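In structure tokens below, several structures.
Two complexes follow with chain A in common, the first pairing it with chain B and the second with chain C.
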Partner chain A sequence: MARRQIKTALNTRLSTFQKIYLLLIAGFILGPFIPLIIQSFAFRWAWPDMLPSTWWLEQREKSLLPLAWDYVLSPYSRVWEATINTVFIGSVVTVICLAICLPAARVLAREKFRGKAAFEFFLSMPLIVPEAAIGIALLMIFISLGLAGSYLGIIIVHLIPTIPYMIRMLTAVYQGLGRDFEEQAMILGASRWQVMRLVTLPMLLPGVVAGALFTFLVSTNIFLLTFFMGQGKIITLPTLLFSKIAGGTLDASAAGITLVVTIPGIILLLITERFIKEEAFGKGFGN
Partner chain B sequence: MWVQLMPVLAVLSVLFGGALVLAVMQSLGFAPWFGVNTFPDLSYFGALWGSWSFWQSLGLTLYYAIVSTGIALVMGILLALAMVRIFPGKSLYKYLYKLPLMIPYTVGIALAVIMLGNGGMISRIFAFVGLIGDPSEFPQILKTHYGWGIITVYVWKQTPFVTLTLYAVLLGVGRETEEAAAILGANKRQIFFGVTLPQILPGIVSSTLIIFAFNIGAFEAPFILGGGYPDTLPVVAWRYFNDADYTLQLQGMATVVSLALIASAILYSYLAFYRSFERRIGRN
Partner chain C sequence: MKKLLIGLSVTASLLSNTVLAEDADAVAFREAFLSGTATWEDVQARAKEEGTVNLYYWGGSDPINIWMDQIATAGLAELGVKLNPVRITGTKDAIDLVLAEMNSGKGLGEGSVDAIWVNGENFATLKRQNALFGAFADKTPNSVNIEWNADDPRSLLNLRDFGVETGNAEMPWSGEQYVCAANTKRVDRADLPATFAELKSYLEINPGKFTYVKPPHYVGNTFVQAAVYAHNPDGTGAAPFQNSIGDVGAEELARLITPGLEYLKALEPHLLGAQGGNARYPEDIGALDGLFLNGEVDMACKFGLYAVATGLNNGTYPEGAEAFVFPTGNMIKNKNYLAIPANAPNPAATLVMADYMTSVDAQVTKLKFTGMPPGVDPWKLSDEDVQALTEASPGLIGVTQADLDANTAPDTNATLVDVIEATWLEYIERDSTDSIDVIVARAVENLEK
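For the complex of A and B:
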């Protein structure tokens, strides 16, 4: 009896409830994409049909591409413009964020100093103060500085929500690194530059890549700050999609744009899974 | 040492600190660029707090934030506990469950529209099985003040975040303590509440703090899927801000400052409560 109890308590396999739960969650996460994909290929899909009454395939002679995709891929939808803006802003934000966070993370991981706890708290403040508050307040300042509606303005505000993530992930990397290897290299006669180039950087690299990818991801997903600062002049994928669905309805072209907006996330997911290990993420957020 | 901390400190102080200070000053009547300078002037707060619709908006904002954080937390704990088990297709599932984390909220809103709208998929399924004969007979889910559309989008997007955080913590602590408890005769319930839950508690607190703070300040989901007047506070602030009457911008600032104050008060007391709990159970 006792042994059976221990066995059930330590079961490493799924219970029936958990199996059903995993399936339900998978359906909850992925299920809505099915009608979205169908919608983007439909020619005519009226309520209450479960499937389109006329598919694009049957109406091929009328348009070469599915109607929705024809629009999405054309310059009129501004999808290309938004994609390029999103990638450009994300890359610049990532580089700046990395440059200012790397030295700070090194200190935070290795030094003890007065006011360290307060400093760390200050660095995570942007995660806690509502984005709308910061966005509207900064918009006032940026309008008077002429930064509203410019790339520079958007890049600067993107630093606010990305810094806390970058700092946490890089600090975790430095903590895992330890000083031993660097010290050994120095004892063996390596110069500072050699230590940096041959020991620290190679060991740091996977963590830095993870932090950079995550920062890029956060930046590409920001809606509110881009929407406020972009002033409709600069659009990114999230703000473009917002303008298409703001009325609360979703036509075929909006479905197509939704799918396009999903693609960078899928690409990043495939890349990050290799670099961002659950354990590393836990060090950043589990405390 | 401070040289290395300086860049990040400077950027955050100027942007973040500057924004906060200016927001507070404007909400107190300091806006010389409009020709308004009555600083310090509490009338904007007075007008705001004196109106019943502000409190309605606040209640609505908190309601969406609390309900969706609670649901995402429970769903995330259950999912994280299942993720540490061994099952076929786990490596694929590890990709799958993270998808909502990777894509913008606006995608989630689009999915809510196509699924939950009156002409959406669920409404079609209802018609298919013969429950309803017209889209208008479908119970309204979106654009109501119950906000189930908004809550669904938040839960869809944030359950993976909670799961990822807790799954990481669970992987970090390993299963030795659970095994020890089982050998000492604890049952499943006791192991969960006595061993596992205290171990993941820090992860629970930090992830709920982050998503709750986000939900309070979120704009796009309540704007598109909300039920109209009274709106949530971020939407109210945005409407003030875009009003043709520019003096209302100061009222918008007062809204934003109130929102930040309330959010910090709630989060601070949550953290303080958690710290005192930690001390009581003898950690730190």
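For the complex of A and C:
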């Protein structure tokens, strides 16, 4: 209720200029999807036609092979298999990443130790070194360890680019948190576990959710490392998409696959968006 | 990428001094098969035990993907082998994988790639790195569908891949020819060029209405090769380009290719986008097809005997697209192949797969579904089989088979392709002021390193 009131209050206060501004942003974000959606239903769409000269449905009966969405939704496109793999790998990576980064972030945010600045700098290194270099070097090692071509191998390499993001985000959240709330709870007689469960985690939650969302999205977008470690046998949405669009043009089925690729991210964003808002702003920070 | 990888893997193998581990059983099988002591029944029995075959192929075409998943997988299941078609973006990725695994000590029976759809430079890399299974291609039952007799000049495409001797280490799978298509709604057929000189005059009147794929993509390299053949100062066309760089020598090669490259340099100001300052070369076939569909260029050249019919069928070519003969006498023809790497995990199943792929049935359905021309040789087939292939063909539009046969030229030796490619990049893309002699000499030197 309170949120709706705030919303209407905001709406009435928007000036024309502000509205145009918001529309522009929405246009930039949604705009690219429009040609994709049209393309996914097209058979022949050539410049300078504003719309396809021939649509997929007109050719559907004549074609020997499934076209456009028929292909995307057929088992031949492997979209379903790739989606399951992507979501599975992304989820496991996120959980492991959280398990590693939560305690590490706590230390980084609260403790002082020699070489801390250097350590923090090195944490960002994986973001700077090109993926190809990491991928090839690791492939050699993973092959001899028997990890290449396995889900485990892919999950491990996905941790490399995701940990730096996660740790930065969680460190910032911990720093903003301060020890006061935890100390107060302890003074009031809470056990360590109670402090963790009832004070620290709820307050960290928006940061954790944001970090998890970010990790998941990064993991679901990694192409090169996934291709190397999966040896092309384990397909995910990015590897599937790359093999489709490498030709340089986006045909109807590639457009369809591209649209499918965005679905897990959109669903997740919707869920977390709600989550973050309600936790952080609905209940508020200690109000 | 590849050089980096090879460099790294060489270093890695030096450091760890790995010994190539091989599955002794698989090695015994290979020796028995290659020496002819194993019968085809032995191969089939072992194939069923191995169970699976991992075929790595370029996965960018829906029809090919469907054919693999639907037809080839079912056909091989009948033979007791499960086909695992692995789609890749670039063939080089699979080559890199094979070499990386070999350098980590994975030998026969222990790698992950059973077969790769390959030709040209990628095959040459496997051969140079000693990463091939062996001379299997003429030893399978369906190899009777292919001409292996070296005395018959028609066998050249089966025995040499971009001038590199295949040593029967790869199975011819599909044949192709470099064919140009024009949008006859924009160009009158009478105005279509037949020679490079006519192409230039056409572009002087219609500036920017043509371009070719950028080397080092093989489709771009092929256009450059055709130009080089046509401008061969001795008038001997493709003949001198069949030998390796070691036999030809840098100086002689520079002399042979100079007129062709000078022509391409002179053509550049008339290509797509050159009027605005920068000539545009599409990076791959997909991009070229897009320019052609959108009418930005009037003509497009690529390997694609049936490209017009297929392109019209799936909407990637504009209505009014027709093939035409260009350049007269120099329409390069080649084949592409299935190669088995030296560390194939399932060698027997792979042999069964390679045999299936060259069966008339598989060739007919492949042609019908994907428009990929047959890799088997029609004169080795029964009339009935030839008839089946003819019926499956999507058909030629704008040219006849006789036109194509009359204007055929062989591919360039892979070692020369590397040098010509490097020279194009230096002389045309980077606008080097050095003479072609100097550039070629430098390229040859670099490639020897």
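Worth a mention:
Just so it is clear, the second predicted complex is superposed on the first by the 212 of 287 C-alpha atoms of A that agree within 3 Å, B and C clash if a C-alpha of one lies under 4 Å from a C-alpha of the other, contacts with A are read in each partner's own complex, and residues count from 1 in each chain.
As a working rule, contacts are C-beta pairs under 8 Å (C-beta built on N, C-alpha and C of every residue); 3 or more make two chains touch, one makes a residue touch a chain.
The model shown is predicted, which means the values in this text are computed figures rather than measured ones.
Residue by residue along chain A, chain B and chain C are tallied for touches, and B comes out ahead. In the superposition on chain A, contact of A:Ala148 is made with chain C only, not with chain B. Of the two partner chains placed by the overlay, neither chain B nor chain C lies in contact with A:Thr162. Within the superposed three-chain model, A:Ala137 lies in touch with chain B and with chain C [touch as defined at top].
Once chain A of one complex is fitted onto chain A of the other, the partner contacts of A:Thr200 are absent, as it touches neither chain B nor chain C. In the superposition on chain A, contact of A:Pro66 is made with chain C only, not with chain B. Of the two partner chains placed around the shared chain by superposition, neither chain B nor chain C is touched by A:Thr215.
Contacts of A:Thr83 after superposition on the shared chain: neither chain B nor chain C is touched. Contacts of A:Leu14 after superposition: chain B is touched, whereas chain C is not reached. In the superposition on chain A, contact of A:Ile29 is made with chain B only, not with chain C. Overlap of the chain B and chain C interfaces on chain A comprises residues 47-48, 132-133, 136-137, 139-140, 144, 227, 242, 246, 248-249.
Contact residues of chain A toward chain C in the complex are 42-48, 54, 59, 63-67, 71, 74-78, 132-133, 136-137, 139-140, 143-144, 148-149, 227, 231-233, 235, 240, 242-244, 246-249, 251-253. Touching chain A in their complex are the following residues of chain B: 1, 3-5, 7-9, 11-12, 15-16, 18-20, 22-23, 26, 33, 75, 78-79, 81-82, 85-87, 93-100, 102-107, 109-115, 117, 119-121, 123-125, 127-128, 135, 142-143, 156, 159-160, 164-165, 167-169, 171-172, 175, 178-179, 181-183, 185-188, 191, 202-203, 206-207, 209-210, 213-214, 216-220, 223-225, 233-234, 237-238, 241, 249, 252-253, 256-257, 259-260, 263-264, 267.
Residue ranges of chain A in contact with chain B, taken from their complex: 2, 5-6, 8-14, 18-19, 21-22, 25-26, 28-33, 35-36, 39, 47-50, 99-101, 103-104, 106-108, 111, 113, 119, 122-123, 125-134, 136-141, 144, 156-157, 159-160, 163, 167, 217, 220-221, 223-224, 227, 237-239, 241-242, 245-246, 248-250, 254-255, 258, 261-262, 265-266, 268-270, 272-273, 278-283, 285-287.
Interface residues of chain C facing chain A in the complex, by the touch rule stated above, are 1, 4-5, 8-9, 12, 54, 56, 58-60, 62-63, 65-66, 69-70, 84, 86-90, 93-94, 97, 100-101, 103-106, 112, 282-287, 289-290, 293-296, 313-316, 318-319, 368-369.
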